[in-house]
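Next come two complexes built around chain A: one with chain B, the other with chain C.
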Partner chain A sequence: MIDFVQNTVDGIMFGSSYALLAIGFTIVFGVMRRLNLAFGATIMLGAYAGTWLHVHYQVNVLVIALTTLACTVLAGIYVERLCFRAVRRDAALASMVSSFVIWMQLEEVAVHLLPERTYPFPSLFVAGSFEIGPFLFRAEQITMLLLAVVMVGALHLLLHRTRYGLALRAMSENPQAAGYMGIHTEWVMLCAFALVSLVGGVAGYAILATDEQITPYFGLWATFKGLIAMMLGGMGSLPGAIVGGLVLGMVEAHSQWYLGNEYKDLSAYVLLFAMLVLRPGGFMGQRILSREELAFRRV
Partner chain B sequence: MLELQGLTKHFGGVKALNELDLTVEEGGIIGLIGPNGSGKSTAINLICGVYGETAGTVHFRGVLMNGKPPHQRLRAGIARTFQNIRLFPELTVWQNLWVAQNSPQDISRQRFLPRWFGTTRQARKEIADLLELADLAHKGDELASNLAFGEQRRLEFARAAAARPLLLLLDEPAAGMSRQEIDDLGQRIRRLRDSGVTILLVEHMMELVMGVTEQIAVLNFGHRIAFGTPGEVQSDRAVQEAYLGTDATESGPAGGSA
Partner chain C sequence: MDGYVITVLSNIGMISFIALSAYLLLVTGEISFGQQAYFGLGAYAAGAATAMFGLPIWAGILIGVGAAALVAMVVGALTLRLGGLYFSISTLAFAEMVRLILLTAEVQVEVDGEMVGPDGANGFHDIRWMFERDISLAEFMLIIYCLLALVLIVLALVERSRLGSVFRMLGSDDLLAEMQGINTVRYRILAAGMAGGIAGIGGSLYAHFTTYVEPQFFNVMLGVHALAYGLIGGLGTAFGPLIGVAIDIGFLEAVRFIQGYRMIVFGGLVAVLLIFMPRGILDEDRVHRLKGWFSRRRHAGTRGN
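And now, the complex of A and B:
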C-alpha cells in the first residue's frame, strides 16, 4: 500500500511536467489545428544553450535557467516563422512536415554546439530528499510540481481573464471571424508560440535539472511524452492535457515499480493504444469532438 | 467615405461581380439588394478583405484598401456581420464584445499592458451600452453558444458595433427573424446610424431594406442595374425585370412591401 501511494505521488510529480509538455502541444493544436512536431526540439535547443553556458562558464544556476527559457522562446518563434507563418493557412499537413524538418535542423544545431553524447545539466538543489512518515520526497520533484501548478494557474488566468487570452480562444473557435473583429491573428499566433515555448522551457528545465544530464535525444523524448499525454487527455483540450500528463506519469511510475524499468515506456504505449481504440477523443476530448460536429452541422 | 471603382471578382469562369462602381456617403444607410447570386455577398467580402479582387479598387476614406488583411481594414473602421452567425461560442456574451474592441481609438488610447491584460472603465461602460442596445444586458455571463437564435443575431450585431466602426457592413442581418425582431433590428440600425456609423445593408427582406435605407443599389448578375431612393428603385423597370422576369410591369420588386 505504501508502495502504491509512493508511486502515485512520484507519478503525479513527474506527470506534472508531462502535463506542461502536453499543454504546449495542445494550445498550438487547439488554435491552429496543426501539430507542432518541433516543440520538443525547441525545448532541447533552449536547454542546450543553457548547457553550453554551464559547460564553458561556471555561472549561476539562475542565469542558466533564464538562458534556457529565453533561448527556448526564441527557438519557438523561429519555428513559428519558418513552418507555421510561412505555410498557408489550409496546408496543415505541409506545416506538420516542415516542423519535422525543423526538428532535425534544431537537433543538428545542438550537436554542433556541443558534439559529445551527453553533458551534465546543473541541478537546482543540493539537498536531495527528505522523508515525511514512510514517504520519500525529492526536492527537485516537488519543485517540478510547484512550477507546474504555478504555470497552469498563470495560464488559466491568462486565457480566461485577459484580452490576449480571449483573443487566443476566439481564434481557436473561429479564426476567420477573429480576423474580421480586428484581432491581429498573426501576432496572437506568434505570442502563442512564445508562450508555449516558455511553458515547455519550464517543463524541460525542471526535468533536466532532475535528471542532471542532457543528450540531443531530449527533443525526441519530450515530443513523445507531450504527444502521448496530449492524446490521452484529448487533442486541443487544456484540462485534458493536465489529466493526460498526470495519468501518464502515474502509469509510468507504477509500471516501473511493478513490471520493471523496461516496461515503463511500453505500458504508456499500451495505455495510449487502448485509449485510442476505446475513447478516441481522450479523457476530455469527447466534448470537443462533439462540439466540432455541432459546428459542422450548423454550417 | 467608401468608394468602389470597377470592382470585379471572378471565381474561375464565374463573374461574381462585374465592374461595380459605388460610393457610400458618410452618415447614411445604404441598401445593397439583388436576387440570389447577384454579387451582394461578394461585394461585402471584397470590401472587408475576405479574398482579393480580380480588378478594381476599394478606397475607404481616401485610403486604398486593396491587399490589406481583414484586421487592418477593421482598424481602419470597417466592421461586418456574417450571413451565417460566426460568434465565439465558448466565450460569454460579455467576452465576445470585449475581445472585439479593436478600434484604432482603443488601440492608441490604451497602452499595451492594460489593453491586453485588463479592462479600462471606459471599455466596460461601452460594453454595457452595447449589451443594452442589443437587449442582452441580462445575458452578459451566458455562453454565446447557449443563446437562442435571435439573441445570437443580436450579439453578432453588437459585436460588430463593439469595434466602433465608421462603416458597418450588415450581411443579411434579418435572415430567419420574425416580423417583430425585424422591426427591432430596424430601430437598432437607425440608433447606430444616429451615433455616427455609416451602414451598408445587404438584405433580402424588402420590408427592412425599404424601411430603413435612404439609398439602394441593385445588383443583378454581378452588374449594378439601379441606384436611387427606395421609391425610385421600386419603380425602376430594370429592377422589376430582374426580380420578376421580363413580363412584370405592374408589381413592385419581390418581398411584397411595395
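And now, the complex of A and C:
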C-alpha cells in the first residue's frame, strides 16, 4: 500500500512536467488546428542556447533562464514564419511536414552548438526533498506542479478575459470570418506562436532544471510526452492538459514499478491507443462531431 | 557497379516501399505516422519464415506482406473511423507499441545447432538466406527493383480504375464521397491494408538484405520520413514518393561536403519547396498537365505519319 501511494506521488510529480509540455501543445492544436511537430525542437534549441552560455561562460542562472526563453521564442517565430505563415492556408499537411523537417534542422543546429552526449543544466530551484509520514516528496517537482497550475490559470484568464484572447478564440472558430471582423490574423498567429513558445520554454527550463542535465533526445522526448498527455486529456482543453499529464505520469510510474522498466513506455502507448479507440475526445476534450452533424453544418 | 553504389540503390528501392505505403494513405486523405510498424512487422515475419522455419524467400515475402496487411486492416478498422489527427496519433501510438513489444520479444528456435529468432533489444540476427543461396548484392537489388516495378504497375492500374477514383475522392472530400453512396470506411480499410502490405514488402526485403533487423530501426523517424517523401516528390503520381526518396538518400549521399550539415540543408530546402509546391513536385495539377502534353504529342505523331 505504501508502495502504491509513493508510486502515485512520484507519478504526479513526473506528470506535472508532462502537463507543462501538454499545455504548449494544446494551445497550438486548439487554436490553429495544425500540427506543429517542431515544438519540442524549438524548446530544445532554446535550452541548448542556455546550456551553451552555462558551459562556456559561467553566468548567472537568471541570464541562462532568460536566454533559454528568448531563444525558444525566436525559434518558435522562425517556425511560424517558415512553416505556417508562408505555407498556403489550405495546405495543413504541407505545414506539418515542413515543421517536421525544421524539427530535424533545429536539432542538428543544436547538436552542432554542443556536440557532446550530455551537458549539465543549471538548477534554478532550491533542490531538496522532504518527508510526510512514510512518503518522499521532491521540492522542485512540487514547484513544477504549482507552475503548471499557475500557467493554466494565467492562460485561461488570457483566453477568456482579454481582447487578445477573444481574437485568438475567434480565429480558432473561423479564421476567415475573424479576418472580416477586423482582426489582424497574421499578427494574432505570430503572437500565439510566441506565447506558446514562451510556455514551452518555461516548461523546458523547469524540466531540465529538475533533471540537471540535457541530452540531444530532449526534443523527441518533449514532443512525444506533450503529445500523449494532450491526447489523453483531450485536444484543445487546458485543464485536460494537466489531467492528461498527471494520468500519464501515474501510469508510467505504476507500470515501471509493477511490470519493469521496459514496460513503462509501452503501457503509456497502450493507454493512448485504447483511449483513442474507445473515447477519442480524451478525459476532458470535446466530443468528436459525427458525420451527420458535419454534413448538417455544411448544408 | 561497386558495393557502395549497390547498397545506396538498394536502400533507395527498399525505402521506396514505405514511402509508397505512406503515399497511398495520403492519397486517401489520411496521415499515418505509423507505416514503419508494417515495415517492421514484414521484416520480422519474413525473417522468421526463412531463417527459423526454412521456407523459401517468396513464401517469406508473402508471409511478411500478409501479416503486415492483416494487422494494418485490423488497426484500420479500429482507428479509421476517428479520422484526421486522431487517426494520425493512433497510428503513432500503435507503431510505438509494436516497436516496444519487439524490443521485449524473445522467440528463438534451434536451427543447425544455433539459436535463431528475435532476441529482444539485440534484434533478429542471422537471416542468412542470401548467403546460403550464394546470392550477390547485385542480384538481390534486381529482386528489389522487380518487386518495386510490380507494385508501381499495380498502383498504376488502381489509379486508372474506379478504385483509384474512389481513393482520390476520399482524399479530396470524404463527406461528398459518402453522399454518393460510397462506403468510405470500407474503402479506407482497404487502402490501409494495401498500404500495410506495400510497407511489408519493403520490410521483408530489408530483413534479407541486411541479414539482421532491430526494433530501433523502425522508430517514428522512419515513418515521418516516409510521409515527407511523398509530400516532397508529389501526391499526383506514384512516382512522386520515389523522387522524394531519391532526393533524400541519393542526392544527399552523393554530395559529400554537406555531410554533418545534411539536415540543415535538407530541412531548409524542403521547407522552401513546400511553400511554393504544397503538394509536392509532381502534384495532381502538374501530373494532369504532363499527361495532357504527352497525349497531345502522341496524337500529333500519329497524324504526322
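As a convention for this text, the second predicted complex is superposed on the first by the 284 of 299 C-alpha atoms of A that agree within 3 Å, B and C clash if a C-alpha of one lies under 4 Å from a C-alpha of the other, contacts with A are read in each partner's own complex, and residues count from 1 in each chain.
Simple rule for what comes next: a contact is a pair of C-beta atoms (placed from the backbone, for glycine too) under 8 Å apart; a residue touches a chain by one contact, two chains touch by 3 or more.
Small disclaimer: the values here were computed from a predicted structure and weren't measured.
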{"item": "Which superposed partner A:Phe273 touches (first chain B, second chain C, both, neither)", "value": "second"}
{"item": "Contacts of A:Glu212 with chain B and chain C, given as first, second, both or neither", "value": "neither"}
{"item": "Touched partner set for A:Asp3, first chain B, second chain C, both or neither", "value": "neither"}
{"item": "Touching partner for A:Arg163 - first (chain B), second (chain C), both, neither", "value": "first"}
{"item": "Chain C versus chain B, contacts on chain A by residue", "value": "C"}
{"item": "Footprint overlap on chain A, where chain B in one structure and chain C in the other make contact", "value": "291, 295, 298"}
{"item": "Touching residues (chain side chain A, partner chain B) in the complex", "value": "162-164, 166-167, 169-170, 173-174, 176-185, 291, 295, 298-299"}
{"item": "Chain C to chain A touching residues, read off their complex", "value": "26, 31, 78-79, 82, 85-86, 88-90, 92-94, 96-97, 100-101, 103-104, 175, 178-179, 224, 227-228, 231-232, 260-264, 266-268, 270-271, 274-275, 278-279"}
{"item": "For the chain B and chain A complex, residues of the former touching the latter", "value": "48, 50, 69-71, 74-75, 79-80, 82, 84, 86-91, 95, 98-100, 102-103, 115-119, 159-160, 163"}
{"item": "Partner chain C, residues of chain A touching it in the complex", "value": "29, 35, 37, 82-83, 86-88, 90-91, 93-98, 100-102, 104-105, 107-109, 112, 227-228, 231, 235, 262-263, 265-266, 269-270, 272-273, 276-277, 280, 288, 291, 294-295, 298"}
